[in-house]
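Should a chain be cited, it is by its letter among A, B, C, D, E and F, assigned in written order, with residues numbered from 1 in that chain.
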Amino acid sequence: MLHTPGLVLNDGTTIDELINVGMHEVSMRVMNDPEIHRLEMERIFAKTWLLLGHDTEIPKAGDFVQREMGEDNVIVARDRSGEIHVSLNVCPHRGMKVCTAEAGNALAHKCIYHGWAFRPNGDFIGAPVEKEQMHGNQLPKSELGLKQARVHIYGGMIFATWNIEGPSFDEFLGDSKFYFDQLFCRTDSGLELLGPPQRFMIPANWKIASEQSASDGFHTLTLHRSLMEGGIMGGTAESIYDNAPGMYGVDVSSAEGHSLRCLEAAQTFKMFSNVSFEGKTVEERLHMLPPPGITPELIPQLFKNLSADQVEMLATIPPQVGGMFPNVLVLFIFAPRTDGGSSGALALHTYMPKGPDKFEFVNYIFAEKDAPEQVKRDMLQNAILQSGTSGIIEQDDADTWPQIFRNTHGAISRTRTLKYQALSGDIKPEGWKGPGMTYPGFTKDDTQWNWWLNYHRLMSNPR
Amino acid sequence: MLHTPGLVLNDGTTIDELINVGMHEVSMRVMNDPEIHRLEMERIFAKTWLLLGHDTEIPKAGDFVQREMGEDNVIVARDRSGEIHVSLNVCPHRGMKVCTAEAGNALAHKCIYHGWAFRPNGDFIGAPVEKEQMHGNQLPKSELGLKQARVHIYGGMIFATWNIEGPSFDEFLGDSKFYFDQLFCRTDSGLELLGPPQRFMIPANWKIASEQSASDGFHTLTLHRSLMEGGIMGGTAESIYDNAPGMYGVDVSSAEGHSLRCLEAAQTFKMFSNVSFEGKTVEERLHMLPPPGITPELIPQLFKNLSADQVEMLATIPPQVGGMFPNVLVLFIFAPRTDGGSSGALALHTYMPKGPDKFEFVNYIFAEKDAPEQVKRDMLQNAILQSGTSGIIEQDDADTWPQIFRNTHGAISRTRTLKYQALSGDIKPEGWKGPGMTYPGFTKDDTQWNWWLNYHRLMSNPR
Amino acid sequence: MLHTPGLVLNDGTTIDELINVGMHEVSMRVMNDPEIHRLEMERIFAKTWLLLGHDTEIPKAGDFVQREMGEDNVIVARDRSGEIHVSLNVCPHRGMKVCTAEAGNALAHKCIYHGWAFRPNGDFIGAPVEKEQMHGNQLPKSELGLKQARVHIYGGMIFATWNIEGPSFDEFLGDSKFYFDQLFCRTDSGLELLGPPQRFMIPANWKIASEQSASDGFHTLTLHRSLMEGGIMGGTAESIYDNAPGMYGVDVSSAEGHSLRCLEAAQTFKMFSNVSFEGKTVEERLHMLPPPGITPELIPQLFKNLSADQVEMLATIPPQVGGMFPNVLVLFIFAPRTDGGSSGALALHTYMPKGPDKFEFVNYIFAEKDAPEQVKRDMLQNAILQSGTSGIIEQDDADTWPQIFRNTHGAISRTRTLKYQALSGDIKPEGWKGPGMTYPGFTKDDTQWNWWLNYHRLMSNPR
Amino acid sequence: MIDRSTAAVDKSAVLRGLVSKTRVPLGSEVYNRILETLYDEASALDERRFDDWVAMLATDLVYTAPIRLTRTGPNRDRDIMRTMMHFDDTYDTILMRTGRLSKSAWAEDPPSRTRRFITNVRVGETENADEYEVVSYFQMARSRGGDPVNEGTTAERRDIWRHVAGAYKLARREIIFDQATLSMSNLAVFI
Amino acid sequence: MIDRSTAAVDKSAVLRGLVSKTRVPLGSEVYNRILETLYDEASALDERRFDDWVAMLATDLVYTAPIRLTRTGPNRDRDIMRTMMHFDDTYDTILMRTGRLSKSAWAEDPPSRTRRFITNVRVGETENADEYEVVSYFQMARSRGGDPVNEGTTAERRDIWRHVAGAYKLARREIIFDQATLSMSNLAVFI
Amino acid sequence: MIDRSTAAVDKSAVLRGLVSKTRVPLGSEVYNRILETLYDEASALDERRFDDWVAMLATDLVYTAPIRLTRTGPNRDRDIMRTMMHFDDTYDTILMRTGRLSKSAWAEDPPSRTRRFITNVRVGETENADEYEVVSYFQMARSRGGDPVNEGTTAERRDIWRHVAGAYKLARREIIFDQATLSMSNLAVFI
């Protein structure tokens, strides 16, 4: 089955029965079927680009971190020449983990089982007792190295894929690059990962979190109601649905399944609501209300690193939340603090599948490398308070996803569908300078449906 | 495979290889095979009538309880008009549980994920920010309600099925109705559920408990030996197998797989052994030894609600234990108390599958609504002492079932069979007034085999 | 699929794709695939001889122990006539465990569920209330006994198989018997099991431990490095790879997948390094350095029970570690003690599968029955210190196996291979007296590859 | 049955373990003797010395375990439903249970290997000078047969211990389980 | 971020819980009152009496939970990474959290049924006469909805408790979780 | 080996932890110092300060862990089989074990993150004035690498602690595991 074109499950079900393109519905079964899961690992996680970390984690030769690509464990290491390599952490001899540390520094990784040794770039050095040639005589040493993934560094972020001949990283980003650049490539020194990621397990299928990351703005109004009850977003608890804070803006998306929500901060946060950009220059606007993570002294760098259109957008209606297909959430938000300050919070999550019924939530927290130490400190605290393990926003998501997952098993429930039928359609807002598909106004289901269309495309491709 | 008539597993095994009708044997494999389990959920639990609770749990408009139909989670709610509805607790939007409380009162169930709201009857009310029509434009609101199950109330007990066109509840009960009426429909006010059910998990396949519930009387003598050692059933520990207390009576059954064991109390309990019905009228007998749960003041109601034949039977040889296909155990027993009293214990269990390897034991405890408070109190205490989580009878069952289950996995063990070869055959006792199949004398395997025949019938039917 | 010749998985994969005979590689997938696991239970564990214990555990009539044959639970019992029987511990009635004790004495095993009773040889005695014939009328009592396995006692060790018509135990041992006899059949009274086995669970596939047991000598040098750091094997931590203690000897093996490593103790242990066998007789050598477990007073018995060739080998280059296909590790080693003494340590392990993802490590510890009590005491302590739950050697194995197992799941990882490409080839050492395949010099992969060849042979045979 | 739909909102005392306003200080003689008694009780039960345990019970013992119900909104903390119990015992029924355990109680033959961990013990005075309110946190590990996976449970125990002739006897115990659906396949063991 | 690649080898103090060299003896008055306080704190949190809990906090509270990192070789015991936290809170942010729990905090509505087991309590003096270093071992069972499988966590808590007006207030808490990857799906509950 | 088939029926003392008839009262000075010592021991092991732990051991230490056997009927409570052990150690072999842990003991490199919970401590006098019988309940959580699922074990420890020069040293420990088949994949950690 697995090698015929398209996707047909063992029981004869086709992907078009699971994903009803005409009706914009997805069968709940997709969220727990083990056969589908295995195909996802082969057709998505072994094929597309995956986020593994940030180069500021491994500054020196020999530095390494251990990460996951789907369910494959890898070593992300910097070699003597400063180049970063991603090697499958499976010993070519008998399959032991060559590297058992989550992070560290080593110019030779020696497997504890029989002692085979490998360089940071995966090259096989040799087996103990050299004269006995315990690596055998059937394969040359050059074929006994750790399997290498293809690596691309974007804005300091380390991406890798097993798809050696596949699309380039820029092809993978597509039209979304214009928008992601505004977050990741806007300053001279770029971002800095503030510490090793938070890691925790969610008892749910990875797609339940990932389809949400494709810019599900609407759930904020109800699931994250407590944010608004807090009052920091304006209005009162009663008026939440009338004000609908944060619901209006421009959702942008591209065919590769990525998306971002561009929001005018002033519309979202009470504290900024007295801000008016009337007749202000881009630079003035940036100083009045710097985008999340940017401090005044960094503003000149924006002009240097971004196009005029990009800077203007960042100044006016910056991208704040969104996702990168298949499993990355982007959270670059204004985060008002209890002390009144607001340096924003910058976080990226990866949702790494661990079987059809669990995924690991990996939360990377960033700041601009050249930001003042105190700002970094504040932003770290903001990001921890809002996102990840104890984050008051994502606590509610993390409790909701498993309940949805438990709802996908029943004989009747599994035949129900997820619906993406509130669509605004691709409309270019007047004077909009960015590429890609744009969905202005109230946040709808378009971007999430684009995520599923790309899922459908990849899952239908056996090669 | 799943859509061809009959039942053929992926490895080519047919149901007739698993259930040997001629030899009255069932393969152990049936007790753990995941493929069979999925088919059971579709062909049995999505097709037949299931017990979900009792209407005294939800007396007022808006009252609801959350229950399971196999592995599908449902809301059992009473609407404004007083009618009871059973709705699939899966949000039509993105599959979240619409109701997260196990019980409560609500005239609108609002999903916490995006805020879609539904009435007690499952009707879709709307999504937040009405003007944005976030339920989309592809389906009318009338098609966005919670999926409805078909409901039937019998003796106050709430039954439901997904099989909208299938057999009526009376057809489902068949000839067994005559006997069940004697337990559930005998008084003016009927039964009252004394509290929310006990719930606990058993690490075994649901059928191991359910085939036993089909009136396996014989196991009592050995597995529940401690009851007799207690002496309350007459004789001494040594004489248990000679006296065989509770083994003689009339087992009744019908083609739908239901069954009950009708026993003369005097034969079972020492304390009653001086009772003689010689030349007594039915009414006199009832006063001498009221059936379990019935108090003297309720006796007149029996004549009002039951036929003469039914009352006579209740007075002489009342049904006491049995089962309702597929997963209900009926326990309406005399329960002598340490203080000498005996008001009986009335309990129903449902064995709800949670995968092939676990089921939830849900224990509902009842009393006659019009019984005196002290009697209700005593009966609650009796039922808890005998049945369910801490019950001295069912402790032993709950420890035995998992051991049988663990015995079904081995390559050799799974080919062994359960045997139902001690059969007495359908014999109408002299003067017997009831319908259905009757098996007088020592309790044998007939009723359990009828359970398997109905299982075979339903599993063979793909529609 | 399961009934066509050869092995073809449901997805079309053949065993030759999984085990590349030409390249001496085994796909990681073999270590976790559930379908392969089920076939292993049928084609290996239901077919080959399995070690279940030792007759010194059950000296008297009625004595029994409960053990596992793969995933089938069995009763190993001695009957009145002193004969040992292995019965499937699955009640022929409704599948309950007939015996719930791990060990004990009983001349009748009575099932607690309905009371059917069986003799130590598995014969059905009867059901309670004899006159009611609750075992039915469709099968004679003679067909209602516990399923019997075929039993063979070798050196006191109890082996059994479900393969009634299959190879004899001697055929199963093949050429390896010559070597195993030197460990198990060398003294008049034979071995004694010192106590019930240690039992613990390892979260890994059984083959990860078993392919290692097929005489993977090389891993000792690196994984068990701490042994050498301890200094008891000569040299310093730095010189481990130069000295390569214990790496040189003669690995012996036979087509049935068994193997043993024959080592000159003097080469392995510093404490013995002053020993020289120059011009010494076999008897003198035995007294200078008795093989593990043998005390001076037992030496005469060796000549009585073994051939001259066997004794000479035992005196010069005794078998010390190895494995018996499919799941037995043999550990008959010199074990220098902190107090300077050394009586050796004798242990056998069985790795019993519990699903594809777990196995039970059962550790049997022995001594020669006629050895002095203090020696037995020392050997027990040695064996516990080195092997099993807390053993300083096997702690490291038990932590490594699960890490390899976790490495077998990923979409990329599962396509990687285990390699056995360091082969020395079958070379008869000059003057070697033993049969079978011999691999002199540095320990290589030959014996482990022989294990896989036999695995390939059995898995390819559907009958 | 109790009509949950009208249950008034009332956070107070709903879950509160220790009700007494007069605390018996941790480290005081009474506290120490009671804590010692709880440890001795646990060992009697873990060692299956049921006679020793029964000797620690008052003959007017009330031993109960209400169920828990998952609720939301204003009533979310009112989740102890005393209309239904997992245990609803008296001294007499406990005797029936322990008596059974010495006979053919297959649920505990072979016996579970249990370990009862007692922590967070708080003691208060009651209106009766010789009776003390004792709240303890309870955790049990339960191992059966060759199964490497334990069953277990956690709970709060709200006791009344009565000082009688130099010893303390259990007069009242309410077990507050932490699960709405119990993971233990039976309660053939005492909490 | 901290450059782990050059982390000097330093076993001392890396994992050490109790730093104080002046021990407050187990059984002493101060020890007993502090232990009592820890039990009362656990009951306040298990009973969701958040106001009672907040009343036990000092307004200069620092409440943190560094992540753990799996490391090998010379640095294997230096596995507490304070560059990243699971909690990084102050009195103000704790108030925001508890305030939220009284509103629409779905993560805890319906609430988890929790049990916080406190053991292995050790106390030491600090340079401030009224402040005590308190190390406790912490274990939480957490039951949600009808799920028979609990979530849970274990940790060490390194506290500073300050004696104020006859009571002790929590001035500092560092939570040392025992897992590098947390098994709890969120930390909507306090440790 | 021991012939289980003739094991006489003998409920007494089979499982009994505390044998001493002379109890050292909970809260007494001796009890408090010993409890403190058990907490300190747990922290030394959890913090992998093996030298500190060895310093708490008597040189004549006997450290054992008999296996458990599932039995039925009259012998059902005689389930501690001292003919086979999980640990069978002396001071010397413990030194070998701790020494190994400072070298290439991969089973603990990277190290497990462990937490040893000590509860239910009972103390009794022995015939030797300076030696005390100490029974404690033991629970360990063990987290390895990035695995979110902990291993763990529960047990009773029956110790002899000897008072030497103002401190207590462990002279005897018998570990009674609660499982017949251990769920921990190795015992590279001390109990």
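Here, contacts are C-beta pairs under 8 Å (C-beta built on N, C-alpha and C of every residue); 3 or more make two chains touch, one makes a residue touch a chain.
Everything numeric here is computed off the predicted structure, so don't read it as measured data.
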item	value
Same-residue or different-residue interface between chain D and chain F, half as cut-off	different
A-F, C-F or C-D - pair sharing over half of the B-D contact pairs	C-F
C-F compared against A-F, more contacting pairs	C-F
Euclidean distance of C-alpha centroids - chain A vs chain C, Å	49
Contacts with 2+ other chains: residues of chain B	10, 100-102, 112, 199-201, 223, 360, 396, 400, 403
Set of chain D residues in contact with two or more other chains	27, 70-73, 106, 109-110, 117, 119, 145-146, 148, 180-183
Chain pairs in mutual contact under the definition given at the outset	A-B, A-C, A-E, A-F, B-C, B-D, B-E, C-D, C-F, D-E, D-F, E-F
Interface residues, chain E side, partner chain B - complex	106, 109-110, 145-146, 148
Complex contact set, residues of chain A against chain F	66, 100-102, 112, 199-201, 360
Touching residues on chain D, where the partner in the complex is chain F	27, 29, 31-33, 35-36, 39-40, 42-43, 46-49, 109-111, 113-119, 141, 143, 145-150
Residues of chain C touching chain A in the complex	10-12, 23-24, 28, 31, 218-219, 221-223, 241, 244, 247, 396, 400, 403-404, 406-413, 416-423, 442, 444-445
Chain E-touching residues of chain D, taken from the complex the two chains share	11, 15-18, 23, 25-27, 68, 70-73, 76-77, 79, 117, 119-122, 135, 137, 139, 154-156, 178-183
